[in-house]
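Once you've had a glance at the structure underneath, I'll fire off some questions.
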Amino acid sequence: MEKENNNSSRRNFLKLGALGGIALAGTAIANAVIDESPKITEKKVKVLTADGKLVEIDSSLVDHHASNDDFSNAELRQGVEGKKFIRVIDLGKCANERKCITGCQKAHNVLAPVEYIKVKKMQNSPLESPYWFPTMCYHCDNPPCTKVCPVDATFKRSDGIVAMDYERCIGCKFCIAACPYSARTFNFGRPEQVKFTEEHKNDTSDPNHCRTPYAQEGTVAKCDFCTDRSAQGLLPACVIECPNGAIYHGDELEDVVSNGEDTVRLKKLLQDRAGYRQFEELGTKPRVYYLPPVKRDFPFEDATQAQNTKE
Amino acid sequence: MSKNINKHETFTQEEYMVMKNDLLRPIAKIGKAGKIWIAFLVVVLLAGIVAYIIQETKSKYVTTSLRDYTMWGIYISNFLFMVAIGLVGVLMSAVLKLTNFEWYRPLSRIAEVIAIGAIMFGGISIVVAMGRPDRLLNLFIHGRIQSPIIWDVIGISTDLAACIILLFIPLIPSLVTCKNHLKNLPKWQLKMYNMLSFGWQGTPEQWEILKKTMKVLTALVIPLGVVICTITAWLFATTLRPEWDSTNFGAYFVSNAFLLSVAVMTLATFVFRKAYNFEKYLTEMHFDKLGQALVLMALIHGYFNVNEYLIPAYKMSGLHENTLLNLFTGKEAAFYWSVVIFGIIVPILLPLFPKMRKPLPLTIISIVVLIAGWFRLYLIVIPGLLHPYLPIQDVPESWTHYFPSVVEMTVVAATFAGVLLIVTLFSRYFPIISVWEVAEGELEGKEEIFNYK
Amino acid sequence: MKKHTYFLISCLVILFSITTSYAQDKEAKITLTFKKIDSVNVCKAFVTSEGQPVIEVPVNLSVKRLFAKLPIGDAIATDSTGVATFEFPNDIPSKNGKLTLFASIVDDENYMNSETSGEVNWGTVVVTDNSNIDERSFSAGRDRAPIYFITISLLILGLIWGTLLFAVLQVFKIKKLGKIQEIKE
């Protein structure tokens, strides 16, 4: 998709260059050779056109309507009909570049050290080689968190998403205790975050912006599979931001997952690459699958610096 | 009514009058020490309220040490402690009463008051730990019966109601005694006694109803007390975390609660004996019995400890390895082993010697057991949270460990002050030792208690 | 000298790109036809340019999905009659059986990018199974607690609170008896 777009813009540019005369040729070629299209905001956004085409355009061309940002509660609870969102993560492609983390934080207007998606260094035994392991809320089909919630503030939707109702959450944190994947995070009202949330309440400028807001102070937040984006067929921030295409997001019922570049059949992918789920023995039935870190795109390089050092 | 009492040699009307005088003295007059003590408790309680207001109005990230991994701190472990203490009413009043251990008589009301205070402040501890206490009503509007928290809310309120009723019903005859005996009290107090005594005349019919109701309630609070202790354990056992995922957890908590109940009873008995000069009623015999009970309960709890820790340690599965090694030989080892030694070994061994079952030594042992018990519950909550399945990586320093903040410690101190204040104030307005129950014990079944006025 | 070479190469490249970009400007039109031959779904993409069939141009076939288009196999070049023939798999799921197919020419040397879509009834109908969401269970919402669990809970609660109520009523009975006694005296 991206390739096609760059190509056509290069072509247009070449035409311009030709018409502009030979005097401009040097710069024009220099530009063409390093394959750069003119940029307005340098941010690309994928949108679904009226006739169902997914195109990538500059984010400056997209209008955001704040009034659309309110999902009615009933709608939030029900889920998108006829969809079962699913995710596959190719561990062989993760190089811990942390773009998913920062992209997610931007999309949700969350500051570090709060991470909906985390990348952990895993090594199962001394002889096995270490690998990077992105984790997030697995949107389990047998969610231990919704089981223990006293007020139905976290619940399973028909489209597979385990959602949060920040308006109802009483902040007992039982769901955090119940989640074996440490996927949930609590808004303790970190002053920087409170200030940031206040300032960016209506900030939808991020091209990957997700309408689900950050949790209110004293409530629990977590990865929401970018609920509103998924519903519209837009890939979540982490998927788009991953430079290596490690995260595939899709719909189980369509049997397709996509990392933005490659779109593949889900079952075939899991079959060919021996997909598995983390801690299958816990019976939580996660909706996030992993492809073992074989055929790695990168050699494992240990992280040399700690990222979240600021309190 | 009382014309034929003199024929009993064991217990005469005169002796009864002396007993009444002794037991009602704390209500008649508050000494200087008593006033200072109450003032101190009120100050601590107010400090806790101020700390809580600070916590709620400022950022919890700053006022508490709670973070994403250790999102439950000493509020929750203190809640567990309070619920455990709350079992004292069941053990020292109901169980002994139903099994005809006569020495329960002067202890039962003390135990019940402590239980009510502890359960109340246990409930308050949970609210204090909540992120959004302003949404407390959601528990009733949107409550899910499937959630152990709802079980706990229902269990605690039910148990509290049952304990209050069970405290109140045997209090009715005592209130009449107070009304008739203590003439120098302020008017409102006498009026309160009159109102609360519900027209008690001490007729045989009234006694019959009173005793029957007491028996039913006594039988009811035993399972109820065990259930709320177990449900509290289920708050942990219903999660998938390896350190809490134990079929043994309910029994482990109940046995712990029984052990702490005996310890707290010993401490309270000692304090009341000294403060109110109750040596005649809270005798060395009581300490002897409590010491024996302490050994028994510590043995039972030690047994469940073996099941809870040593059997998983024998297998040392990958899931348990993390947390168990941390407790046995890791960062928390000194902490863990002192809790085992002072919380289990000491109460098993020391009270075996009769000398150790004298009031002072046994009280010191009990205090040690209580402190160790508080930290045992701390060791269940916090290291459990700090050893999740997926490793904790790349988080700020303060997220990787937990040490309670000043605000948290003040609030916890205030919950203790609150329990003590409830017990103290109760003993200042109501007879803390049930006069008629003790008198009934003295009669040894020769005469019906309703013949005494 | 070097400068001159650079300039010359630049001019040549410019000229080349002008020719290629004009060459690419040829428009290609794709027409899709769908047929079922011996229970095999066949999709034919007929490519024409200025009325003439176009041969040897690779055509991509893909099917519309929520997040992206799923390519169906590799690109197939048109044959001598200008037709690219695709065997369409019969296991592509769809909500109502309908699928939107896209045939496209992308990055061809001679032809501009072009795309045509067509709707066809070749999808395998999938039924949304929400049974695990709708059934009564411990992880479901408050309105979907298991019946046996509600019954047992209510039973236990009723018993306990019934007893407590009984106890309170006894207190009032004591009061009544007290009043009777007062009257007697």
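As written, the chain order gives the labels A, B and C, with residue 1 at the start of each chain.
Throughout what follows, a residue touches a chain if its C-beta (ideal position, glycine included) is under 8 Å from a C-beta of that chain, and two chains touch if they have at least 3 such contacts.
Since the model is a prediction, treat every value here as computed from it, not as a measurement.
Asker: Looking at chain pairs A-B and A-C, which one is connected by more C-beta pairs in contact?
Answerer: A-B
Asker: With centres defined as the mean of C-alpha atoms, identify the chain lying farthest from chain A.
Answerer: Chain centre farthest from chain A's centre: B.
Asker: Can you work out the whole-Å distance between the CA centroids of chain B and chain C?
Answerer: 58
Asker: On a C-alpha centroid basis, what's the spacing between chain A and chain B, in Å?
Answerer: About 50 Å separates the centre of chain A from that of chain B.
Asker: For chain A versus chain C, what separation do you get between their C-alpha means, in angstrom?
Answerer: Those two chain centres are 17 Å apart.
Asker: Pull out every residue in chain A that's touching 2 or more other chains.
Answerer: If we look for residues of chain A contacting two or more partner chains, we find 144, 147, 152.
Asker: Return the residues of chain C touching two or more other chains; collapse runs of consecutive numbers into ranges.
Answerer: 138-142
Asker: If a residue has to touch 2 or more other chains to count, which residues of chain B qualify?
Answerer: Residues 142-144, 146 of chain B touch two or more partner chains.
Asker: Mind listing the chain A positions that touch chain C in their complex?
Answerer: Interface residues on the chain A side: 1, 3-4, 7-8, 11, 14-15, 17-18, 22, 25-26, 28-29, 32, 51-54, 81-84, 141-144, 146-147, 152, 155-158, 233-235, 249-251, 253-258, 260, 263-265.
Asker: Over in the complex, which chain B residues touch chain C? Could you list them?
Answerer: My answer: residues 142-146, 154, 158, 161-162, 165-166, 168-169, 172, 198-201, 203, 205-206, 209-210, 212-213, 216-217, 220, 224.
Asker: Inside the complex, what are the residues of chain A that reach chain B?
Answerer: Result: residues 113-114, 118, 120-122, 133, 135, 144, 147-153, 168-174, 176-178, 180-182, 184-191, 194, 216-220, 279, 282, 284, 303, 306-311 of chain A touch chain B.
Asker: Quick check on the complex: what are the chain C residues that touch chain B?
Answerer: 138-142, 145-146, 149-150, 153, 157, 160-161, 163-164, 166-168, 170-179, 181-182
Asker: For chain C, which residues are in contact with chain A within the complex?
Answerer: 6-7, 10-11, 13-14, 17-18, 21, 24, 62, 64-71, 92-95, 100, 106-107, 113, 115, 117, 126, 128, 130, 132-133, 138-142
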